[in-house]
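Paired with chain B in one complex and with chain C in the other, chain A is shared by the two complexes that follow.
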Partner chain A sequence: HLLPGPGGDMQWCFSQVKGAIDDDVAEADIISTVEFNQTGELLATGDKGGRNKNQPQFRSEYNVYSTFQSHEPEFDYLKSLEIEEKINKIRWLPQKNAAHFLLSTNDKTIKLWKISERDKRPDGYNLKEDDGRYKDPNSITSLRVPVLIPMDLMVEASPRRVFANAHTYHINSISVNSDNETYLSADDLRINLWHLEITDRSFNIVDIKPANMEDLTEVITAAEFHPLQCNTFVYSSSKGTIRLCDMRNAALCDKHSKLFEEPEDPSNRSFFSEIISSISDVKFSHNGRYMMTRDYLSVKIWDLNMETRPVETYQVHEYLRSKLCSLYENDCIFDKFECCWNGDDSVVMTGSYNNFFRMFDRGQHRDVTLEASRENSKPLQVLKPRKVCAGGKRKKDEISVDSLDFNKKILHTAWHPQDNIIAVATTNNLYIFQDKVN
Partner chain B sequence: MPLLGKTWSAMDAVYTDLEGTSAEDVGICPLREPTGGGVGVAARARMESSLDAQNLISISLRKIQSSRTQRGGIKLHKNLLVTYVLRSARQLYVSGNLSQTPPQTPRPREDATAGLSGSLTELAHDLYNFPGLESDTWQHQQQQQAPEEQQAPPGADSELTVPGVLWWDSNTQSNQKTVLDLDTHVVTTVTAGHFLPDCCAHGRGGKKRRTDASEPVGEPSDFGSVPRKRPRTEEGCEHLDGTDVSHLMSVLGSSGLSEFVSWQQTDLEQIRTVQSISLRHSGLTYGSWTRAIEAF
Partner chain C sequence: MGPTLWCTDVAAQRPRGNMFPKGTKRKFSDSGEEAGSNGDQGQAASTSVAAPRTLTSSYSLQRQSLLDMSLIKLQLCHMLVEPNLCRSVLIANTVRQIQEEMTQDGTWQIMTQALAAAQCPSDRLVATEVLCRQTDPATAAQAGQSPKPFSVVGLEEGYHSEEVVMEGEVETEVTMSTLSPVSQQMPSASYLAGPFGMGPCWEEEDEDGDGEDEDDDEEDSEECVSEGEEGDRDHLRADSRTGEQVFGTFEIKHPVPPADPALEELFSDVDPSYYDLDTVLTGMQSSPKMGPYDLLESLSSHGPTTLSSSSTCRSDLNELDHIMEIIVGS
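Let's turn to the complex of A and B:
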């Protein structure tokens, strides 16, 4: 059950866990997004309370670096709607100077935050006292040059841009372009292109809203820029299709360049076929040759050159296929799982229920199920692979489908861009695991 | 949220027969062929799957209703998916009922060909399909039948007091109407009836009951109206669950689907579109969507 990796087998060990221990979870503490920056040095989480937490890495440990309130609840008086402060997505900008920048979005508004360190302060002003009060000019008898002296590290987060009023529907994705100047934001029906410096307007590049809302059959569920080609982006739909668009073709990219769709297997048809085929996440591979999609029961890898079907399909929790009715009733069927690639695109990861998460090694055709739990949280404790028993005789150490806790779901996971370090978010805890060899 | 285990056992009674133990189970099964000899077995299978369809319809409607009160406004994606389920369940239910009774009218155009577009407004369109749109007066139809009786005397004119009832039918030409009674959560099908909504969204001067079919209006009205509570009719139907209607009504309050509709309304493009589209497609749907919930 070991996942082979470069330099031998991978063994995942517990590293850290962040968050409250008790089971009574405050709604505001529910983690809603997790993202490493491009170097892996920083790990950001967003929660339902609108807060961002950033953790820098130090000796393979992540400690809280800064916590700030990114969004506040708002009220749209025109529509009598409350706008949640929940952070839907965070995306880091590539670092250009000492400060770090990230984009953080709730349902309606995207904000660009600057996170900077301050570890020196000026001392010895001529005109001001140490506490900031101005001196009586008559009392100044000499001049000196102020100096910078060390101080305790202070991390400041300040909003640099607010991109508002561009989305009628709920924003589900943001994606920074490889040109480092623009980014896209997607809601249920539209995708807008922004320039990072310009907040008072955006450019609509996709609009799938029908002239008559009666004719609405699908919505946009996720969108992402190609990691290398600044003119290319993809968006996924609730019908299980992915469209690749080239911004050079036309100003409005309603007409796709490629349409990726796998025909439905008629033997699997049920009342819930539409729901489980809805794509909840789409991610390009780092090398830009593949993209991965997540629907309710599976992960699919697509070659960008082949639109007719995915090149690989991995079943995440096929044992749930016979439970779809219950999962519909308790709303679990609407859970939006994310997925992620490892640094060299050889392994993909996604979450499941009962605080399980799954990794699929593409090269070795092996997969493993691991669990994020407090019980397995001793320092450097190696994670034991888990197994779900779908039916028949349950073996020792297996867990039966009916015993799974559907309140414990892992929707958000992130993989360090270079190393074998992963961040896995349960409802309100963030677990960090790393490869023992690491 | 209940653990799946608990939910599962509660659902056992309803779903055991259909779920089976096969690994190929896909949840609710479509209408199956009779497995044994005799009409009795066939009828039972159909009845069970009708019950499942009823259950799914009821669950789906409750989801739509509760999404209205969620923070952050109505989630378009989720509601779209729910309408897909709703339409499939309704189709199954209607086809199950139709196969039990000899068809009265030429078989209505099959919804399957119309497709499961699943749009919210189309659902609303079906919920309130006004066959007599051109007629000047609406009529009540007394619902006297128990679920087993599918025949309504054609042209019956008697007053109908049907509290908390949603109506929809499979198409405009059909004389069949499928009814969800929100008191009992029983879905029944009635033939040859006319229907009057509790409140006509497009009534003139804000009249709420038995208004004349009016010109299409661009905007729904009556958001603030509270439906007059009508005396309950005798229902010999079994309760599928114990949801309290008065609880539903208090949850809904008086504003109906105001967030949803006002959200739609204040989308400027939508307003322009609304004003140029006929009652059947636009004003009807907004109004009827509001009515659908107010009828709770």
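Let's turn to the complex of A and C:
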């Protein structure tokens, strides 16, 4: 069950875990998003309390670099409803100078944050004391040139732009364009295009709101720009379709260029078919030739040139298919799992229940189930593959479906863009694993 | 633990003959057999081989339970935070699917006729915990409209008489449930939940920035509010602000039918085994692995946090417990 990689078999080892140890999870600490930056130097997490945490890598370890409150809870007076401060998505901008920029969004508002380091401070002002008080001009007898002196590293996060009031519905995705000037934000019914410099205007590029809300049967679930073609983006829906749009065709991209949809398997049809076909995440491969979608039970890889069906399908937890009614009753069937590619697009990863996560090696046609748990958290401890027993005799070390803990779900995972380092978020803990070879 | 509506053992274990009002049993069996031989739907196909009457009845019962559960879900998403539109849409689509299938195999018509003929006692929970207001027959008749597909229709401020109207040839109205005396205590549940959390009035305000939603509401609203409910209306308006934001509801027209013990039987004994609901409704046929125990119970015996105890569930369950207490108490 080991995934072979360059230089032999890959073995995943525990590296670090962040977060509270006890089981009493504070609502605000629930991790809601995880994202590496383009170099992998920084790892950002967002939580339900609206906080962003950035961890830089130092000797293969990630430590807190900065923590800041990105969003505050708000109250929508018009609807008398609270707007959660939960961070739904974080996306890093490609680095252009010494500072780092990221976009962070809650349900309604996107913010651009600048994260910069300060390790020097000015000293020796003529008109000001060290503490900032102004000197009496009459007391100044000589002039000096202020100098910059070293200081302890301070990381500052400052909001540079606030993109607000453009979304009636809850934002589920943001995606930075490869042109580094624009980005899109998607809510349940609309997708807007922004310029990073302009906050008082956005262009609506997709609108699937029906004239009569009675007729609403489908919502947008995720959207992403193509990593290389700045005119292309995709969005997925609750009915299991993915639409690829070309912004050069029209200002309003309601008409798709391509529609990706797999015909339903009639032998599997049930009242839950639509719900489990709803796509919770869509991600382009790094090379831009494929895209991956996650629905409730599977991960599918699509060739952008073939709309009729995916080229690869991986079952994440097929043993849940017979439990769909229970999962509907306790709402687990609506859990939105994310998925991610590794750096060279050869392996994909997604989460599951019981703090399990799954990796699928596309080339080797092998897959593995691993677990993020405190019990397996000794330094450099190799993760043992896990197996779920769907029925019949349970072998030793297997877990039966009925013993799975459906409260322990891994919704967010991220893979370092170059190395075999992964970040896996359980409810309120962030686990970092790396390949032993590292 | 989940709502007690769910717990029972499966069809094969006990006769289902008393589940349906007298006089309609045979009709249902026929239509049930028809549905069984239809075969193009996975679950029907899988049951057509075995004793058609028993299994099909069980399937219908479980389908009804799924319908009830879906309606409860749509209603119970009255939180301070806006409900999840995607989830609501998916649940509403599920309800529509069930309704379509029930309409096709004639079950819907039978059920509506039974309900129309029976009286829903004002203090009983019938079928679902969906609430509706009593309307007097005059205003109910007044509001008669052409049947529409089971869908969400705008809920306007102050309007709290609900009706479910069906598509096509089914002209009768369905009374899904009533719990009117209790509704005072549960202001947020006194409207049938609009799943999408946004009233057209609110959207217009967002988009156009003008405040003429009141007039728009009045044009669309059903004229089903009886005089006696003026006081209630204000109470509702104040308490059910989430109801106001609800752009759609499942409207239930309630013609105050007389009580019928058969009707009570129809809806009171809704508790299929959880496991079998899973297998039947997910179109898979496999031998029961857990016997008569329902899935939730067996899971909860394994550990503290399993299928049954998600935190989202808990608040819903508390509300359901509250509802059940009230029913049992009265």
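Here is the rule we go by: the second predicted complex is superposed on the first by the 438 of 438 C-alpha atoms of A that agree within 3 Å, B and C clash if a C-alpha of one lies under 4 Å from a C-alpha of the other, contacts with A are read in each partner's own complex, and residues count from 1 in each chain.
Simple rule for what comes next: contacts are C-beta pairs under 8 Å (C-beta built on N, C-alpha and C of every residue); 3 or more make two chains touch, one makes a residue touch a chain.
Note that this is a predicted model, so its numbers are computed, not measured.
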Partner chain(s) touched by A:211 [first = chain B, second = chain C, both, neither]: first
Which of chain B and chain C A:266 touches, first, second, both or neither: second
Chain B versus chain C as contact partner of A:80, first or second or both or neither: both
Which of chain B and chain C A:405 touches, first, second, both or neither: both
Touching partner for A:28 - first (chain B), second (chain C), both, neither: neither
Which of chain B and chain C A:327 touches, first, second, both or neither: both
Footprint overlap on chain A, comparing chain B with chain C: 78-84, 107, 168-170, 188-189, 213-219, 221, 238, 267-272, 274-275, 278, 321-332, 334, 391, 402-407
In the complex, chain A residues that touch chain C: 78-84, 107, 168-170, 188-189, 213-219, 221, 238, 266-272, 274-275, 278, 321-332, 334, 391, 402-408
Chain A contact footprint on chain C (complex, rising order): 2, 6, 40-43, 63, 66, 69, 73, 80-82, 84-87, 89-90, 92-94, 96-98, 151-154, 196, 198, 200, 202-203, 205-207, 241-242, 245, 247-248, 274, 277-279, 281-284, 286, 289-290, 295-296, 298-299, 302-303, 305-313
Residues of chain A touching chain B in the complex: 78-84, 86, 107, 168-170, 188-189, 209, 211-219, 221, 238, 267-272, 274-275, 278, 321-332, 334, 390-391, 402-407
Complex interface listing, chain B residues touching chain A: 1-5, 7-8, 11, 15, 19, 21, 23-28, 56, 59, 63, 71-73, 75-78, 80-81, 84-85, 88-89, 116-122, 125, 258-259, 262-264, 266-267, 269-270, 273, 277, 281-282, 285
